[in-house]
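Both of the next two complexes hold chain A, though its partner changes from chain B to chain C.
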Partner chain A sequence: MDETLFAPLTTLGASLVLLFGVVLLWRRSLNAYIQAFKWQSVILSGVFFLVGYFGHDPELYGVGVALLGLKVFFIPHLLGRLRKRVGADHEITPYVNIATSLLIGGMLVLLAYVLMRPVVTVSTLPTRGALPLALGLVFIGLFVLITRKKAITQVVGFLVMENGIALLAVLGTYGIPLIIEMGVFLDLLMGILVMQVFIYQIQDTFESIDVDRLTHLKH
Partner chain B sequence: MNAYLLELAQALISLAVAPLLVGFIGWLKARLQGRRGAPPWQPYFVLRKLFSKEVIVSEHASWLFRFAPYVVFGSGVAVTLLIPLFCVPLPFDAMGDLLMVVYLMLLGTFFLALAGLDPGTAFGGMGASREMTVAAIAEPTIALAIFSLALRAGSTNLGQIVVNTLADPTVALNAGHLLAFVALFVVTLAETGRIPIDNPSTHLELTMIHEAMILEHSGRHLALIEWASGLKLLIFFSLLANLFVPWGVATTLSPVYLLIALPIWIGKLGLLAVVVAVLETRLAKLRLFRVPELLSMSFVLALLAVISSFLLR
Partner chain C sequence: MLFLLLLLPSLLAALLALVVRPYRPAVGWSNAVLSLAAFGAALGVAGHAIAGEILVWGPGDLFRADSLSALLMVCVSAVAAMTLFLSPGLGRSAAFTDRQLRRYHLFINLFIFSMLLAVSVNNIGIMWIAIEATTVFSAMVIPLTLSKASVEASWKYILICSVGIALAFVGTVLGYFDFVALSGRAENALNWPVLLNFAPHLHPEVMRIAFIFLLIGYGTKAGLAPMHTWLPDAHSESPATLSALMSGVLLAVAMYALLRWKMVVDATLGDGFTDTLLLTLGLLTLFIAAFSLVRASNYKRMLAYSSVEHTGLICIGLALGPIGTFAAMYHIVNHAAAKSMMFFLSGRILHRFHSTELGAVRGLLKVMPATAILFAAGMLALVGLPPFGLFMSEFALVRAGFVTGHPWLMALLLVLLAVAFVALLRHLNSMLHGTPTAEIATGEDHRWGLVPMLMSVAVLLVLGFYLPASFQSLLDGIAALVTH
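Take a look at the complex of A and B:
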């Protein structure tokens, strides 16, 4: 393929990844959260393959395949099972309502553009145009993490933030070495498993996974 | 001279095709839902029937009520003269740019809402207030979405945007382009009253928006409004098809190019119609209070599109 296509294609991929982040802010059903995360990860692994191809770094293919297996199949499956067992369906009352969330999400991406401006100006990477989008996704993930009440949506927020960081890494440095990437994935997997146990415990204790209830631990 | 004739021909062709587009979506939707459905050319019969019926106007209605259908139809026709359909650049491009197009469309919506309020019926007022709620967020989104393309092209002239995108195809592969497309697509669904925002195939439903406003109209007034709403669908589809995927639009006036460009344009419209029909079959209508949320999402996307076009020029 033509080298000149590299920059537009990565920007396109990054904006699709961000698009799923924004969709996350709009949706209410937990299933939609999980699906949005799943499709976001599909495109993210596509970006890994793209950078691997144009950056001539075959290791990135390995990372892409691992990402596909972990974030597209395993974690969504795990979350889906968790959702079924807990029986929670909707994020009914987030701390910040949906319309405001969307506007704040837009502002956060704007902030990312402003913060990244010096980097984008001095950088000579062909992928520099997509860097602010990746940082914006990190912010949006963090925002979902702190404004949603259900434990599962918070986990998805955490995962989206992680996706943003992975995107930032692959665009900014053409991927960290495979061994570190594998370590990160393993940490992530452990984190998810621990959170899963936590959620079961919260559900057992409070018969709900609203983290609001955690404020009164003593009965 | 030829260019002016072509401009006129474009408007006439759009007027002729618009009812077919509406009928085609309806037919395809019926097929997808396992019904036989009315044939795609059904709207032509409906228009003929309505034109031959007499107009009944409520005794409480003022001149505004009679006047509005002509404004709605007229603004629709005016917009088709200004937007790129299958040939660019054309002489009327100089008459109005994207802001003109957005405000002409808003003018039609505004008069439709006024005519809904005028006879003083409950449904009309309800529909008008809802339509304005939708339009208040949707119209700026259209302007912003197209504006992000204008920033890239360096001109707010719609014909010029198409020419510039054709000259430099990599422009079509950037962040602003994609986000603006999604934003404009959502707005298209909202403005033309399709599912998930409004249901075009029901008349008596408490959640209706567009249909509630036009309940009081009859005869040729209703025909003009129906025709204009078909035209609006065609206008939005053409904007989506030509501004974002401009390939196939003729850039010279030679008859050979025009003969190729016309079927390509019809094909693009057909493709979008298929997408809308499938969406309408798959999705359920949103609750009314969720509509502003969906629209504010599309607004945010359009805003992001402008930001990324502006900051990464």
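Take a look at the complex of A and C:
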């Protein structure tokens, strides 16, 4: 393929990844959250293949495949089973309503552009234009995690944030060293498994996974 | 070789806990004995560091130990050894089921392993992975007995710390990004000395943003305000031995990661930028901790807030040039000894009084005289009174502040320390004296369990009177690292 396609294609990919992050801001069903994360991860692994192809780094194909297995199949499957077992369907009353969430989401992307300006200016990479989108996604994930009440939604928020970081890493550096990439996957896998254990424990002790009930610890 | 001897015992111990089922006391004992081997290895590494040698070992220089790593290795492995000797499941106590004990021993050893790994690897990407792993493993130990409070504490802990550490990864990627952009891809680019050598050529604008992410990220793990909110919850709900490890050394490991990056960023930006940020956050942390101590109503939360206070002090020390860093590292050692001892003692107190409320503990001197005296000694050490080591390190820190031209900041710091001083001594007084309720038995049990605490007091006393030459040269080595 033509080298000139690289920059527009990565920007397109990053925009799609970000778009699936924005879906979290206006949907309420937990299933939609999990699906959005799944499709976001599909596009993200596509970006890995793209950078691997144009950046001439076959290692990235391997990382893309690992990502596909972990974030497109394993984790969404785990979350779906978790959702059914604890019987939670909807994020009924988030701390911030949908209209405001979307507005704040837009501002967070703007903030990412402001913060990344110096980085984009000094960079000569063809992928530099998409870097602020990745940071914007990190912020949106963080925002979802803070303002949603179900433990599962918080986990999805965390995963979306993690996807933002992966996107930032692959666009900014054409992939961090393989050993570190694998370590990050391992940590993520263990983290998700532990969070799953805790969600069951929250369900057992509080008979709900609404984290606004977690108010036992004060001074 | 020393690196293997340092890291393998905790892995082996975790493996033992995993394969032997059901749990047997022999597992606990062998874990404890294995931890001594790691401590010996750490002392060996420290010996090399004192002699001025930097140990490097493994494929691609995977492991590296300078004075800074050696100091942290000794702290972590010493507190880990005490923890494993005082862990539940060594005697015949029926407080925990076999399943809980197996889980405890498996994950606490993995937790210790990841802390030791974090301070012995050369590559700061792998350091990040190890620190992230500490969160996962320690979170598994917090809700050893299921209750609403312990589940809530562990959920908050894993969520807040995972997010924090993820932000630190953004910072790591930004630091690496600039390296790759300027010099091309290299497998060893994230090795700390390579990055440090190249740092003067990096872009200041990029490194500034990177450091902000790293500070928020590792600062969350270190308990710096305003990201410290998970800390009192997690420390107060954990088993006492885990609190001792988390408060005594995990916070120090996070500060270690921050200091490694600070050196790189300083090499790019020159002094000033990181120092201002660290001073601001350190003072904010100290402020919040001092006033939270006044309001504390639970003695484990009180100890946790005291850890926040000391993290603030260490953070300020790192911002005060080489002599400040010297004082901060000295303080890390003293705090590790004092705070781990206090959490071990809090476990004994909880076992007797069945409550972590300050109001429930009265007449400790009558109920458990030896524990009470050690607890009082530890508290006097923590508030910074002589003849204990913390007095010396706080004195050195304040002196560094005056020498580097921050008299007003130091005046503010002393006022905040005075607030914490009064609050802690008031709480101590209420615990020691008064009349205990009738149903509480008097007398000490498990007297041998006090031996590690006596050793901690001895360390604090020795460090309060003089700096042994070997320890001094280790600290000098660290101060030399931050001198440019």
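Keep in mind that, in the parts below, the second predicted complex is superposed on the first by the 216 of 219 C-alpha atoms of A that agree within 3 Å, B and C clash if a C-alpha of one lies under 4 Å from a C-alpha of the other, contacts with A are read in each partner's own complex, and residues count from 1 in each chain.
The definition used in the following text is that contacts are C-beta pairs under 8 Å (C-beta built on N, C-alpha and C of every residue); 3 or more make two chains touch, one makes a residue touch a chain.
Not measured: the values here are computed from a predicted model.
Of the two partner chains placed by the overlay, only chain B lies in contact with A:L19; chain C stays clear of it. Set against each other, chain B and chain C touch different numbers of residues in chain A, with C touching more. In the superposed pair of complexes, A:T11 makes contact with chain B only, with no contact to chain C.
Once chain A of one complex is fitted onto chain A of the other, the partner contacts of A:Y113 are limited to chain B, with no touch recorded for chain C.
In the superposition on chain A, A:G105 makes contact with chain B only, while chain C stays out of contact range. When the shared chain is aligned, chain B comes close enough to touch A:A130, but chain C does not.
Applying the stated contact rule after C-alpha superposition, one finds that A:S29 touches neither chain B nor chain C. Touch criterion not met for A:T93: it reaches neither chain B nor chain C.
In the superposition on chain A, none of the residues of chain A is touched both by chain B in one structure and by chain C in the other.
Remark: chain A residues 4-5, 8-9, 11-12, 14-16, 18-19, 22-23, 25-26, 98-99, 102-103, 105-106, 109-110, 113, 117, 120, 129-130, 132-133 touch chain B in the complex. Contact residues of chain C toward chain A in the complex are 123, 125-126, 128-129, 132-133, 135-136, 139-140, 143, 146-149, 151-156, 158-159, 162-163, 166-167, 169-170, 173-174, 176-178, 180-181, 185, 187, 189-190, 203, 205-206, 208-209, 232-233, 236-237, 292, 295-298, 301. Contact residues of chain B toward chain A in the complex are 170, 173-175, 178-179, 182, 292-294, 296-297, 299-301, 303-304, 307-308, 311-312. Listed in rising order, the residues of chain A touching chain C in the complex are 115-116, 118-119, 121-125, 135, 138, 142, 145, 151, 154, 158, 161-162, 165, 168-169, 172-174, 176-177, 179-180, 183-184, 186-187, 190-191, 194-195, 197-198, 201-202, 204-206, 211, 214-217, 219.
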